[in-house]
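Look for chain A in each of the two complexes below; its partner is chain B in the first and chain C in the second.
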Partner chain A sequence: MKKYTVLLFIVFFAWSCSDNGPSGPNPDDFDREAILVNWGDNIIVPSFTDLSEATAQLHTSAETFSASPTLQNLETLRGSWESAYLAFQHVSMFEMGEAMQLRYRDNLNIYPTDTTEIKQNITEGGYDLELPSLNNSQGFPALDYLIHGLSENDTEIVSYYTTNSDAQNYRTYLTDLTLRIDTLTDQVLDSWTSGYRDEFVNNSGNGANSSLDMMVNDYIYYYEKHLRAGKIGIPAGVFSGSPLSSHVEAYYSEGFSKALFNEALSASINFFNGTHFEGEADGQSLDDYLDYLNTMKDGADLTSIINNQFQDAKNEAQALNDNFAAQVETDNNLMLGTYDELQRNVVNMKVDMLQALNINVDYVDADGD
Partner chain B sequence: MLWSIIRFAANGWITKLYIEPQFFFSYYGFEWVQPLGQWTYLLFVICGLSSIFVAIGYKYRWSIIVFFLSFTYIELMDKTTYLNHYYFISILSFLMIFLPANAYFSVDAWQNEKIRSQKVPTWTIGSIKLLLGIVYFYAGLAKLNSDWLFEAMPLQIWLPAKYSIPILGDLLQQTWVHYLFAWSGAIYDLTIPFLLLYKRTRTIAFILVVIFHVLTRVLFPIGMFPYIMIASALIFFDSGLHNSILDKISGWLRITKSLFDNGSIYEYPKKWIQKASLSIIAVFFVLQLLIPFRYMLYPGELFWTEEGYRFSWRVMLMEKAGYANFKVVDPENDQRFYVDNTEFLTRFQEKQMSSQPDFILEYAHFLEDHYQEQGIKDPEIYVDSYVALNGRRSQPYVDPNVDLTEIEPSLKHRTWLLPFDDEIKGL
Partner chain C sequence: MKLRNILLLPVLALAVIACDNSNEPSIDAPATYEFTRNGESTVSFTGQTTRIKMATELASAMLDFDNSTEELLLEMYRNEAADGGNADPFQNPDLNDATKNIKGKVAASTDYFASNTQVSAEIKNEFESWISAQVNEVFPNENSLATEGEPGQIADGSSTRYVNGKGFEYNQLVGKSLIGALMTDQMLNNYLSTSVLDAGTNREDNNEGTLAEGSNYTTMEHKWDEAYGYLFGTATDLANPIPTVGDDDGFLNKYLGRVDGDDDFSGIAQEVFDAFKLGRAAIVAGAYDVREEQAQIIRERISTMIAVRAVYYLQSGKAALEQTNPEYGTAFHDLSEAYGFIYSLKFSRVPNSDSPYLSMQEIDNMLAQLEANNGLWDIETSVLDEMSETIADQFDFTIEQAAN
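Coming up: the complex of A and B.
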């Protein structure tokens, strides 16, 4: 018995003084919390701050237009809508914390928007935009319809807000929508600046509820469902058999869907590489973590594989028409080509990257078999 | 066991796993086992109650049968949640049906003098020891492969991710620690049943059991298993220890334990019942010894094809991640489109489905039925799938040119999988 106890002690002793061991990379080489700090401070909070300014501007423009519905003010409003919609592409993937509670993304960007319901809300009034059932009659897509889609002709669009029998209701609905976008955005931003950022960074452990695991899950989910499928796959008819031009993002703008897609793709690439918002600086992110893990097992260079694939998708998308609705109607193969390139990175990230990072998909026991 | 059920319910897992999903993956031959809607809760209650009755030894024979049936039914409902230790509990409870575990210190024995006996035949306890021994030893044998021993895979993937565990976190970043864990794990599994059997090494063996399982509890999400194994290992000790534990319990509950110390040896009520029990147990063990080796009947890499992987104590052996994109083709008008898996499966189901061929096939048949209802007369279903195994790059998995609706689920070798372009040596 004594012998074993001694043996046990030796094993533990060997363990405990192993810190000076020469083999393997130094554990201090990599600080996972630095990724969270970089995401929070250099990407997420700046992106929401930027969007918050844009949505405030959007609401101001809507109020100006509502007070004085002129062609000139309509143009200004459209400009503000475009800026805010582009800024939104940088935060759409961060559906966590307050954003998740509010179901922020569902409130702001469900398309195709329900035009029948919008008209009904306007004529009947008494709508409650907080109801989940009204998610598809608000947000950026509903605004798209209200400022681009009411008619083919701009003068006629303005007439909805001036001479139409429901003109007053149209004006109210318009500003109700912009106010809601602005309020929700501020709510999410406030939560990040008043405590959630620290909670996010401090939750640096491992396990399915850690910030890293949740964020990576959300990121891949966003990339697969909202970027790949929502913006490209669904309109191209990948899931339905035939193209659905009315399902493109910003359908009524007739020409803004590609800009939104490009912005969203860039945001995804920047997130993967930890590139600061509206900057060139390269902070810690998934690319660095993959590189670090690779020093242990010298497998394939996933960072380059994923980045090259991002680039291929970007290149493929360059040939697309600015208006994706026109693209799927004239030459859907180009659209399908872009989809395929995006799809390849779903495999790279969902299979290879998740495995390398050992990130759990959901909170259930599993012993890996 | 009761604790396990409560934990399951407390986590909201009943709802999440058995009520919410639209579709469940069945075991081959057990397709008739389906969740019972809201009645599933009742099933869990029954299972919980029967486990209490088993523990206190009240109407033992009936309770253990009910427990075995209800627990096994729960496990058979959806193979997404397959875990080796749930299987262990199922077969252990099956084995216990034939054992007189109510002979001593139980309500039955307290009420019924005929059952009450201080001793039971050695083979009854021996059979549980044997089962535990098989679990460990086979788990050890399964670790003797090149990935585990020479690549420290999949530990190399799992351990570094546990960086935030106090003290160990930094160590787990070291390559040599991964190898140490791999080798000591294999040696532990292979030797522990023998160390537990011999009196001289038993105490140290038990300490190892505790260390090993506490470590696995800290490192991996494997639920109750470590505690169950630690408690089960107590069976290797002789009656002295058990008696002192029971003395303590008797003290707390104010039970006169001496009532049970009548010196008699348990006898089955009829000779033929004992004979039947013995022969069932014998057949049971022959099967237990053979089933883990059934993979030898199949060509190809076991980890890749998973033909004969389950029910064979292959625990923590591989990290497999997959992605499966299903394409539906309507041959009548040559329309084709892809399936959004999240429409039908939970995230967890999707993860499990995408790397396991039997899941992929079953899901394909589910999709066939679904799209037939949607009006496609004879849909063809193809899958574009990738699987990464133990840190290797992902590679195509199922042959994308095979119409899965043409393939019936069976235990035959799956010719529709693409070959694995590497080799894992070993058992």
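Coming up: the complex of A and C.
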């Protein structure tokens, strides 16, 4: 009886092997380092460099407004905040090395922000922005509240920094936040330019601790949790059952959430294709790796499937209101539609791409308690 | 492999047929946990529901830095003031009116503690020492970063955890250890025990339908229901709790749901529920052998569930510590939960025996290993593996099955 079982096994095995034809290209033969060089030199470092300039400008604008809180300086500050927030969308996915140590993303972009805690910090002073419990009262979302959300009326917003009894504390808190964003960004950039870039590129093997495996995991994690869920799914109520309009990114700006989403989606697409930061040039990336391996899914080329799906998500999102909170409240179906399009690429990348590249997922959904 | 299984089928079928001539009375368990007498329900477990709610408030109050005091938290544990006078520590006024409390039922089962009151008192007091330490060690350091030897806060992903100098969260120690010391001990070693179910004239009364004074149930029926209440006492539908299992409290119910959600153990919640139903129906029918079999099934499943979670959290903590940049906050949170589940194993029960799966001494040794030196700050991951193995060895599951 046993012998038959074994025989049957061998037959099956031989059959399934021959079915695939001659064995395809070996992932190990591909030049991974070329991808890492392109990511490091043409995407990651230029993105952080650009952000670092934007956060320096943001801090300067905050200091100017703080020294002279006028309507005009408020407008300038808002402009700097928008530029820096957009630039941040290009680096949010790179939570590794120094950024991971600092918990960079959690310091800069947890939303919804905790307005009660912000007010408490301002009135009481003595806050330590390094505390994890204060992550949700700093960064871009806290600034959003401070420059857009204190009142419906701009003149009244300015009054918090001029005639309010805590005006000095408001001014201090504002510049403390912009300084911290700028300092943390410089720390991450410095680490990349003073050694980490080489470490990243040289770690070009395969296996769970190789740069490629870690970066791809970080990328998909970002796409799944921060882009798909954070920007669209959570406010649309995908996980809670009912929509949560106050959970959109840049809630108090009343109109900037879509711009941030579009920027983040573009950055994700560029990363997949190796497109240079603020350039047209297309360097080595995951698309080339998949092409090299002739990766197919349901008879079609996986790279094209992923890129078409990115395009579908982009197209679906075009109809969304600039203000996602308004979108959620008026026609949440469009948000859900965008979520569904984004979700399809989670499957394409997390299942099909990782299988082809022989990379294991290194994160699991947290226990939640 | 398949072929062999197919050939085995007739043999299995024969075996099943052969087994069928047992002469046990057949008991029809109802579809839901509903039992009536003269058209009125005979099911009652309000005291258990009350204690689950008290424990829920206590666990969350341990993290209420702005409003909780040591006095208040201890009053929640005892439901009385330090001088023995009346106290109203709970938000829910019904709990303040209740004459029940948590402390009195901690490590208080007939089988394990009736003649072991010294250990019972030690365990009861251990909870008080954790509660006090939360206020005295952790509260003053709410706004400082935890470091080796220093209490404070530490990031766990985007959550913030508050730990003592050794990295333990006292609120997790209390919450997860209560699963064993309160709910499991009362269920497995008290209300499901023959010493309690058959105490005094319970059998005679049950056979003759003699009801407990002022009630519509026999004492034996009621004892069984009280065991049920520690698991399903806050269920959305008290008679049909499986659809929401895991969502109804932060204690036994929650983790039975969690383990049931693991493919390696799916069905365990239904099995426990079925055993409760059948055992209760057996009491109504006077079929005490069937009742006894169901009690053993529940003991085995609930003990296993606690052990699975202990291993699960030991392995999660290990994984977090083995990251390139060790995720200390995540590990501390997992290992604080592991501590509580290991502690809870003291109250597990090997079916058809009088003992837990691991002795109190073995468990205390493991806990001491976690606490040694700088505690979780310098724990070796090999130690976490050894503990996982020690636990899994006593049960019918592997570390891998528990960890995923």
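Here is the rule we use: the second predicted complex is superposed on the first by the 325 of 369 C-alpha atoms of A that agree within 3 Å, B and C clash if a C-alpha of one lies under 4 Å from a C-alpha of the other, contacts with A are read in each partner's own complex, and residues count from 1 in each chain.
By definition in this document, a residue touches a chain if its C-beta (ideal position, glycine included) is under 8 Å from a C-beta of that chain, and two chains touch if they have at least 3 such contacts.
Quick caveat, the model's predicted, so the values are computed rather than measured.
Participant: Touching A:A319, do we find chain B (first), chain C (second), both, or neither?
Facilitator: In the superposition, A:A319 contacts neither chain B nor chain C.
Participant: Which of the two partners, first being chain B and second being chain C, lies in contact with A:A67: first, second, both, or neither?
Facilitator: neither
Participant: Look at the residues of chain A and decide whether chain B or chain C touches more of them.
Facilitator: For chain A, the partner with the higher number of touched residues is B.
Participant: Using the touch definition from the top, say if A:L131 reaches chain B (first), chain C (second), both or neither.
Facilitator: A:L131 contacts chain C only, not chain B.
Participant: Contact-wise, after the overlay, does A:M100 reach chain B, chain C, both or neither (first, second, both, neither)?
Facilitator: After superposing on A, A:M100 lies in contact with chain C but is clear of chain B.
Participant: When the two structures are overlaid on chain A, which partner does A:K350 contact: first (chain B), second (chain C), both, or neither?
Facilitator: In the superposition, A:K350 touches chain B alone.
Participant: So, A:A281: does it touch chain B (first), chain C (second), both, or neither?
Facilitator: neither
Participant: Residues on chain A in contact with chain B in one complex and with chain C in the other?
Facilitator: Of chain A, residues 1, 4, 8, 366-367, 369 contact chain B in one complex and chain C in the other.
Participant: So in the complex, the part of chain A that touches chain C is made up of which residues?
Facilitator: Touching chain C from chain A are residues 1-2, 4-5, 8, 100-101, 103, 106, 110, 128, 130-133, 135, 209, 366-367, 369.
Participant: What part of chain C is in contact with chain A in the complex they form?
Facilitator: 1-4, 7, 142-145, 153-155, 157-158, 160, 250, 254, 316, 324-325, 329
Participant: Given the complex with chain B, which residues does chain A contribute to the contact?
Facilitator: 1, 4, 8, 15, 18-19, 21, 23-25, 27-28, 30, 32, 204-207, 210, 225, 229, 233, 237-242, 293, 296-297, 299-300, 343, 346-348, 350-352, 354-369
Participant: If we count contacts the way the header does, which residues on chain B are in touch with chain A in the complex?
Facilitator: Residues in contact with chain A: 11, 13, 16-17, 81-85, 151, 153-154, 156-158, 160-165, 169-171, 173-177, 201, 203-204, 207, 220-223, 225, 309-310, 314-323, 325, 330, 335-340, 342, 346-348, 350-352, 386-388, 391-394.
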